[in-house]
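These notes are about the structure you will find just below.
So that you can tell them apart, the chains are marked A, B, C and D in the order they are listed, and the count of residues begins at 1 in each.
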Amino acid sequence: MEQANAILLLSCPDRKGLVARLSNFIFQNNGNIVHADQYTSTSSRHFFMRIEWELNGFELRREEIPMVFAPVARQYGMTWELHFTDYVPRIAIFVSRHLHCLHDLILRRDMGELPGRVEAVISNHDDARALVEQFGIPYYHFPVAPGCKAQVEQDQLALLKELGIDLVVLARYMQILSPAFVDRYVNKIINIHHSFLPAFIGGNPYQQAYDRGVKIIGATGHYVTEDLDEGPIIAQDVIEISHRDTVSDIQTKSKDLERIVLARALRLHLENKILVHESKTVVFE
Amino acid sequence: MEQANAILLLSCPDRKGLVARLSNFIFQNNGNIVHADQYTSTSSRHFFMRIEWELNGFELRREEIPMVFAPVARQYGMTWELHFTDYVPRIAIFVSRHLHCLHDLILRRDMGELPGRVEAVISNHDDARALVEQFGIPYYHFPVAPGCKAQVEQDQLALLKELGIDLVVLARYMQILSPAFVDRYVNKIINIHHSFLPAFIGGNPYQQAYDRGVKIIGATGHYVTEDLDEGPIIAQDVIEISHRDTVSDIQTKSKDLERIVLARALRLHLENKILVHESKTVVFE
Amino acid sequence: MEQANAILLLSCPDRKGLVARLSNFIFQNNGNIVHADQYTSTSSRHFFMRIEWELNGFELRREEIPMVFAPVARQYGMTWELHFTDYVPRIAIFVSRHLHCLHDLILRRDMGELPGRVEAVISNHDDARALVEQFGIPYYHFPVAPGCKAQVEQDQLALLKELGIDLVVLARYMQILSPAFVDRYVNKIINIHHSFLPAFIGGNPYQQAYDRGVKIIGATGHYVTEDLDEGPIIAQDVIEISHRDTVSDIQTKSKDLERIVLARALRLHLENKILVHESKTVVFE
Amino acid sequence: MEQANAILLLSCPDRKGLVARLSNFIFQNNGNIVHADQYTSTSSRHFFMRIEWELNGFELRREEIPMVFAPVARQYGMTWELHFTDYVPRIAIFVSRHLHCLHDLILRRDMGELPGRVEAVISNHDDARALVEQFGIPYYHFPVAPGCKAQVEQDQLALLKELGIDLVVLARYMQILSPAFVDRYVNKIINIHHSFLPAFIGGNPYQQAYDRGVKIIGATGHYVTEDLDEGPIIAQDVIEISHRDTVSDIQTKSKDLERIVLARALRLHLENKILVHESKTVVFE
């Protein structure tokens, strides 16, 4: 007996009858909806929906669903994705020298909290090799020398392709990805930025927060786009600081935030709860 | 042209085709769904839904809807309510001597933030009369002498009925309502409790929080049931305290919380976003 | 018997023996310290202290304290202020058309939560007159026509001087104060900015937050300096939002924040718990 | 040149001249105070202070300080402790089968964030051995069979003594320690409780939180006393939940909280920032 669910994530211009059309599609094929989340933007009159239904008893085989659904999607001008809950996404984690997020993700993977498989840790340094390999995860060191960045990215893309990577996670990766790289993984690269965006864009936000004397700092998980720090925001969180906190104290507090916010962003993506529309996300929690 | 929306709030045992049946009901009568929130409890297999659609273009007149929908509801064993967004609920606020919540509600009413009409302020003291009447709200003083409580409640119930009250708000009302009173307004009496329930049930939670040395205090907005402090929780919030906070400091900090949490609970109720099931709420935010 | 306390707020370059010198000054005059907070910046080696002691039993009369303390202060190069807890500061509130913060401050004054006296509400509009006068507070309407701003500021400064105002509160005042005005009340003008500074500097931060798709919004209470939105931050707080929140929802949520953050900043100032050093605050909570 | 600081943590009945007496003690021996935090309870008139000063230039050798300070302490009836910032406390972590807090502490130790040395992980199960030993930490397995608990505790106490353990951390240890054990480590055993105490005392707080339908859950770091869940609270934090969260979702969210709250409580203890008085803590942050 099939235990998995199917998930449709879709968006289109709003029209009468959309919810009925979609729920009928599932009901007429004898599916049982377990989650249905819908949102219509009142400003843009755009319609967003996430429907999850049980494959058990559903009369279409997995591979038939896209074929049968495509005409419906075409009729309404839908952008759509189909996922199955028993598919385990393949993740590559990019990291430089700050390892707290990497370590946290490995811990969650070990505890069974990460709904994905870490297929590779990729770094421009070799520092984390022992830690990573000790947990049985392959480690790839790509030194980035001046002038050879384009070649390195090509090699990385080849590796990602070979490993069948679904999601790239920048867990404090200190290199900027080129537009060519980003275009290959649209809405499939998640970065953790160590500030409450759009405050403190760019380098060393800990120092910037200290210098400005803010009373709260934050962290932001977002999809990577060509414009650095401008990608659609998935999750944010904050923590209080005071005048007593040095730059180093701010860093220590921020690291806890970064780990939690990155993990939350990842989980939402891996559970197929995010729709991106223009520069923003619709997150069905 | 009709600008209002209709809202169906319903729950029933889960079955295949529920979302389809409900969205078809609306679509077949030419309605346009603007919000649809659905939740199925995985533990109890109970189904909850809130659907909001535009009356503009809908082919049933308001008064016809219940008649046409009743057979659907019967078929699936639904508990349901129908609301219209242009109906302005009539509110009675009960208060004793702590007036911060009352004052806050009056402020929100003045700023147009309260989606309801305050028809009466009812108190066992006469202290707040000047404040309330100055804003043009009728004030009713019901002194509660020992032994006459039952009679007072009867008089209050008569007044509420006469005024057509839809929602009773206990904005720090220091009298316990009898089961007979509560039964007349099931899930229609909202209380603000000045602690993070279930911590510090009962009298003087500020002192209890101080004595226990907690580092965080809270406030809870909940529906009133026969069991004091056991009603379904609608909203909660918290704030940090430290050893430096005296009981009086705790009270001051808590008052801000109480105002915000009560206002949030009220708004959720008045916007028909809450379903009560057994001792818990489903809140569609 | 004297019930009030004296408070010294001071800062100077760090040196050995500062705490001893200061506590001896009080002890040798038979004072009893009830609060002593000290902080030394490790980056600038600057020393900050707030000491509060009972005047009851203290051997110097209030007016003698500055004279006796001045040589100590000179010796260490201190910047210092002396306050007494029974002095009730005189406050002027500036407001334009958004009245939620004004209303909140009036409520707190009524509940005895504001450790100061509201001597004037000053506005470039006449809208709030009825509300304000109803609570017995004088209302001053200064229309700001193009080209006459300098004159209006002169008139306002004359009024503030006449009323002996200690603290100016910009409770959503939509006019920019000139450097000449600000210089007259250095670290004595508190503004509430309706965003989490430094994010969304400038006009319409609600719309900016909506457009950027942030998941958290904030409010900032700060001293006003010549550089708009760059003054020393006193207090900040945040609240979560989601894709479902329209600009108007964001505004409604933010208003609660603004009220609380402004009230917190005011309380800290009025209780003499803030030291300003360069562009930042030291807040002894 | 001596880089370390000395820290005095003390409390006594309030009296005039305490701050002066203490700061003079340091100044007269040519010490430079870098932090001084003081608090007097207005209800109990009890005085608490934490003073930290540089040993560099201080005229007493470390071992002389207690001897010279003892008469001062006696005169005022002080309870006091003396610490040095370059001493690295020796920690034993007790754990059962939930390993998220253990894993987190190991991560922080690896990143240099834990101001202490983990000398032993002690468990009633053998599950975590591989994980722990892989990081070079000794692992001790003490199976707890019915009837042999007293013996196991004696063996554990002997081990702690042999290892010179300063702090015992119960990182989700599912055994209740006997009063005899607790008496040997008064205010030196820190437990993480997986609820917002005093809500949901006792077993399975995740289920309790789910059943009660709370909208916020918490975690509590506290010293262990004979009365289970009644020890002095060091740190607490909370996170929002909704009706959509199953017991398992609550557990997942809570685990992040537990890790952060336990780490915060540990850091405060290891930095000698906590004074315990009766059943409460004074935390100088």
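By definition in this document, contacts are C-beta pairs under 8 Å (C-beta built on N, C-alpha and C of every residue); 3 or more make two chains touch, one makes a residue touch a chain.
The model shown is predicted, which means the values in this text are computed figures rather than measured ones.
S.K.: So which chain is farthest from chain A, going by the mean of the CA atoms in each chain?
M.R.: It is C.
S.K.: Could you tell me which pair, C-D or A-D, is linked by more C-beta pairs in contact?
M.R.: Answer by contact count: C-D.
S.K.: In whole angstrom, what separates the CA-based centres of chain B and chain D?
M.R.: Distance between chain centres: 42 Å.
S.K.: Counting only Cα atoms for the centres, state how far chain C is from chain D in Å.
M.R.: 37
S.K.: In chain B, what residues contact two or more other chains?
M.R.: Residues 39, 42, 242, 244, 285 of chain B each touch two or more of the other chains.
S.K.: Classify the chain contact graph as line, ring, star, complete or other.
M.R.: Basically all the chains touch each other, so complete.
S.K.: Under the definition above, what is the set of chain A residues touching chain D in their complex?
M.R.: It is residues 99-100, 103-104, 107, 110-111, 113, 131, 134, 242, 244, 252, 255-256, 260, 263, 285 of chain A that touch chain D.
S.K.: Please give the residue numbers of chain B that touch chain A in the complex, ascending.
M.R.: Per the touch definition, chain B meets chain A at residues 14, 16-21, 23-24, 26-28, 30-40, 42, 240.
S.K.: Mind listing the chain B positions that touch chain D in their complex?
M.R.: Touch residues, chain B against chain D: 39, 42-43, 196-200, 212-216, 218, 232-238, 242-244, 246, 279-283, 285.
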